[in-house]
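The two complexes that follow have subunit A in common; it is paired with subunit B in the first and with subunit C in the second.
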Partner chain A sequence: MKRYFKTIMLFWSTAFASQLEYQLNFLIELLAMLGTLSGSIFILSLFFSDGRQLGDWSWEAALIIQGVYTFMDGLTNALLRPNLTEIVNYVREGTLDYVLLKPIDSQFWLSIKKFSFAGIPEIILGLTIVFWSAIRTGINLSVFNTLIFFVSLFIGFVILYSVWFLIAASSIWFVKTWNATEVLRALLAAGRYPITAYPVILRLIFTLLLPVAFLTTFPAEAVLGELKLVIIILGLALSTFFFVVSRLFWIYALKHYTSASS
Partner chain B sequence: MQDNPRELIRVDQLSKIYRVADKQPGFKGTLSHFFNRRTYKVPAVKDVSFNIFPGEIVGFLGANGAGKTTLLKMMCGLIHPSKGLVNVGGFLPQRRQTAFLKEITLVMGQKQQLIWDLPPMDSLYVNAAVYGLSDEITKKRINELADMLELGEELTRPVRKLSLGQRMKSELLAALLHHPSVLFLDEPTLGLDVNAQARVRSFLSEYNKQTGATILLTSHYMADIIALCPRVICIHNGSLFYDGDLDSLANSLSPSREVRVELKKAYFPEQFVSYGEIQELNDRFVCLLVSRSKLTEVVGKILSDFEVIDLEISDPPIDKLIGELFLKGEIS
Partner chain C sequence: MLEYRIEIALWALSGVLPFIMFSLWSQNDVGNSFGLNDIGLARYFLSAFLVRQFSVVWVVFSFEEDSLSGRLSPYLLQPLHPLLRYVAAHLAEQATRLPFAIAIAILFFVLNPSSFWIPSISRFLLAYVSTHLAFSIAFLLQSLVASLCFWTEKSSALERLIFVPYLFLSGLLVPLSAFPEKVLFLANFTPFPYLINFPAKILSGMPVDLLNGFFFQILWIAILLPSVNILWKLGVRRYTAMGA
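So, the complex of A and B:
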């Protein structure tokens, strides 16, 4: 355990050092993030400009969802995107060989090797929007609700990670699966709006089949103190299920790995 | 890994069959490749068996696509065998248990593990953490290995700015930091210039002497094999066709020796035909291929029949022999 912790520290400090090698790129990434965020807040403000409502969400409540989305997007940019899109390259170039021969879990290595620090401002901004909007709704933000909020964020992140890893792992057979990860980003983007804003059928699909609701809507409901206990239990079960499936799938995929020839 | 002097690596009737998709050229071929991918089975390694003992340096010879790399990757656990058995130090490699992985290392000449934008030193400390080495031990080992490899300030310069030779030496350092007892080297000298090749070679032989590590390597450069490997295993079309020491390989490949003669004056080619196969005839110099059984007799006759200034007997160069063999695609 201590070895894994030390490894993460070294992974991330080297990741930080590599990113600083290219300062301009780092700045551009930050600017791009700010642009996207202000764009999506502007669109959201259009929906509410005439005092209209989205689903049965008020402007502040919808802003909370926007905050959760920003937070998830930040985590995605910091961890998921740099690592999971890289798996394809490991397979294509055959450097996966080196990872597999290290006395460390290969899924751990592939999932956490890199960390993009450009994602951190987005993570902080996301949380700030959530708590600022929550206070504006006049709701009493209890310690318990805050705890539930973080648990539901964790559930959402695990689900997103597992599905993404599952798709990335399939590159062992198909080698190129970049398009599939784009679909996932679109899925996450669908979570920018409250789940109740969608038709009933989509709502069901987004809850159970493609658990978009767990990514943004449910954490937001947790802040508002509206999340049902059943949903949390369902979320815990679903995220465990997705994670175990991703793990089993990876073990299965490695049996079929033939390594790039030289 | 094992204390008794029994074999360290046991390979028994090992086979690997790949599924390969076949694509016809042109747009039509692309379409049918996309919608109706036809695969067929290609045997990459067929029924190969051998044993390797602790401390040996063994070279794997074979043409491109002969199955050397596949064999090597089955031994280090990257590829699951289709049939047969590999056992390395009591472990089944494909299980990739931690205890096994800590004992082995893989170096691939054409793929690198060092982080491209950072100095090798950063990658070394990442590796050390992965293998659970303390900072103290890491520092000590880096110093030792850097001395042996003649690496200095290169270790603190970004990898992308290093020459190929410096990079390869850093790769070796990274691969040996955890003191593995079995080294799998796939073309470790690929693309290096003659000097750098020689340095890598002398390092490997020194490492083998100092640590008693077992080294298995494939190489296209005969010089690597001649300098390092007393024992070679030749693979052709996935099958093993020779396993033994390098000298006897030369003998079995070529039952003849080269006799180079410098003469006092020039002779006609016809005059040499009865002595052996003429390889070269150049004014006063002649090179004959003479079968080993008749060697003393022929040399005696040459000395009495001609006015000889100098005479030299040697083995034909092994790389030439093996090259010819692979070209002919024959198994002797």
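So, the complex of A and C:
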């Protein structure tokens, strides 16, 4: 365990050093983030024109969802995207061999190697929006609700990671899975809006099949103190399930790995 | 291209965003506030999906890869402009994507039978032309960013700065008629509304100012084409081959 922790520290400090070389990138990411956020808040405001509500969510409550989405997006940009999109390249160029030879768990190595610091402002901004809008709704934010909020964020992140890793791991057979990740990202965009705003069939799909609801809507409900116990238990079960499947699938996939090129 | 059938099918699927947005707008009865009923919304978003399938551009990513790996050097020696190579690749993939796009359109009509429509021949041809013009604008816009590859190694990061306004102002998420007047006024000075909103409106049979739309499409091409040319020439002069 200690060894793994030390490895993370080493990985991330080298990542930090190499990213200092590209300071302009950091600025671009920041600009893109602010643009995306103001754009999606603008689109959201169109739903609320004429004093409507969006799937029983008030304007402030819907802003909490935007905050959670921004937070998850930041985490994705910082950790998931830099690492999991690389797996395809390792498989294609045959460099996965070197990873497998290392005296450390390969799934761990592949999932944690890189860290993009440009995602951090987004993470902070996301949390700020969540708590600022929560206060604006007029509910009192208890310690208990905050705790449940972070638990449900964790559940959401584990589900997202597992599904993404599952797709990336299938590159052992299909080699090019870049487009599959694009499909996933397009569907995740559905998480910008409350799950109750969707037609019933999509609600079911987004809760059980592709659990987008666990990424944004349920954490937002947790802040508001409206999250049902059943959902938390379901979330724990689903996230464990997805994680175990991703783990087993990776072990299974490695048995079929035949290396490439030299 | 046919070798990558699954790839292309998946890519067609990754364009589902307009459909997700359609389900939101229609479920929440927002359409009426900007003068579109459910059928109008369905037609608009299906058209937006189709227009995007045939105007999406990724030249900056291919170009960056070729530039970083040194593959660009032999291309530059050939007596053909290297950008034309990418144009050909894009057009070939659009052709491969056609059957998938049709399949998705049929599925959409099965799920929403009331929205079925066949555009008149004149509308279809006009939409066809304006989709190609939209593709040209998008391609030139990205080539402009790609040319910056000659200066910085990571110009695909700069592409995000085009993609963000594209996402919100092109009409992929909502027909632009839903925008407040001031925002709409400003948006019309950018090239983005002419990439999705204008062709999709023609195809879906909504009332549209044809003269104005085509004028701006051609104007943007007239601005971008020489700019790309100049930037490219300046860039090639700076080019120092990379990679093996």
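Going forward, the second predicted complex is superposed on the first by the 262 of 262 C-alpha atoms of A that agree within 3 Å, B and C clash if a C-alpha of one lies under 4 Å from a C-alpha of the other, contacts with A are read in each partner's own complex, and residues count from 1 in each chain.
By definition in this document, a residue touches a chain if its C-beta (ideal position, glycine included) is under 8 Å from a C-beta of that chain, and two chains touch if they have at least 3 such contacts.
Everything numeric here is computed off the predicted structure, so don't read it as measured data.
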{"item": "First (subunit B), second (subunit C), both or neither touched by A:198", "value": "second"}
{"item": "Residue contacts with subunit A in the superposition, subunit B compared against subunit C", "value": "C"}
{"item": "Touched partner set for A:101, first subunit B, second subunit C, both or neither", "value": "first"}
{"item": "First, second, both or neither for A:7, with subunit B first and subunit C second", "value": "first"}
{"item": "Contacts of A:183 with subunit B and subunit C, given as first, second, both or neither", "value": "second"}
{"item": "Which superposed partner A:31 touches (first subunit B, second subunit C, both, neither)", "value": "second"}
{"item": "Footprint overlap on subunit A, comparing subunit B with subunit C", "value": "22"}
{"item": "Subunit A residues touching subunit B - in the complex, by the definition given at the top", "value": "3, 6-7, 9-11, 14, 17-18, 21-22, 93-95, 97-98, 100-104, 109, 255, 257-259, 261-262"}
{"item": "Touching residues on subunit A, where the partner in the complex is subunit C", "value": "22, 24-25, 28-29, 31-32, 35-36, 39-40, 42-43, 46-47, 49-50, 52, 54-55, 174, 176, 178-180, 182-183, 185-187, 189-190, 193, 197-199, 202"}
{"item": "Complex contact set, residues of subunit B against subunit A", "value": "18, 69, 73, 76-80, 96, 98, 101-102, 104-106, 108, 110-113, 115, 117-118, 122-123, 125-127, 129-132, 158, 186-187"}
{"item": "Subunit C - residues contacting subunit A, complex", "value": "4, 6-8, 10-11, 13-17, 20, 23-24, 27-30, 33, 152, 154, 157-158, 160-161, 163-165, 167-168, 173-174, 178-179, 183"}
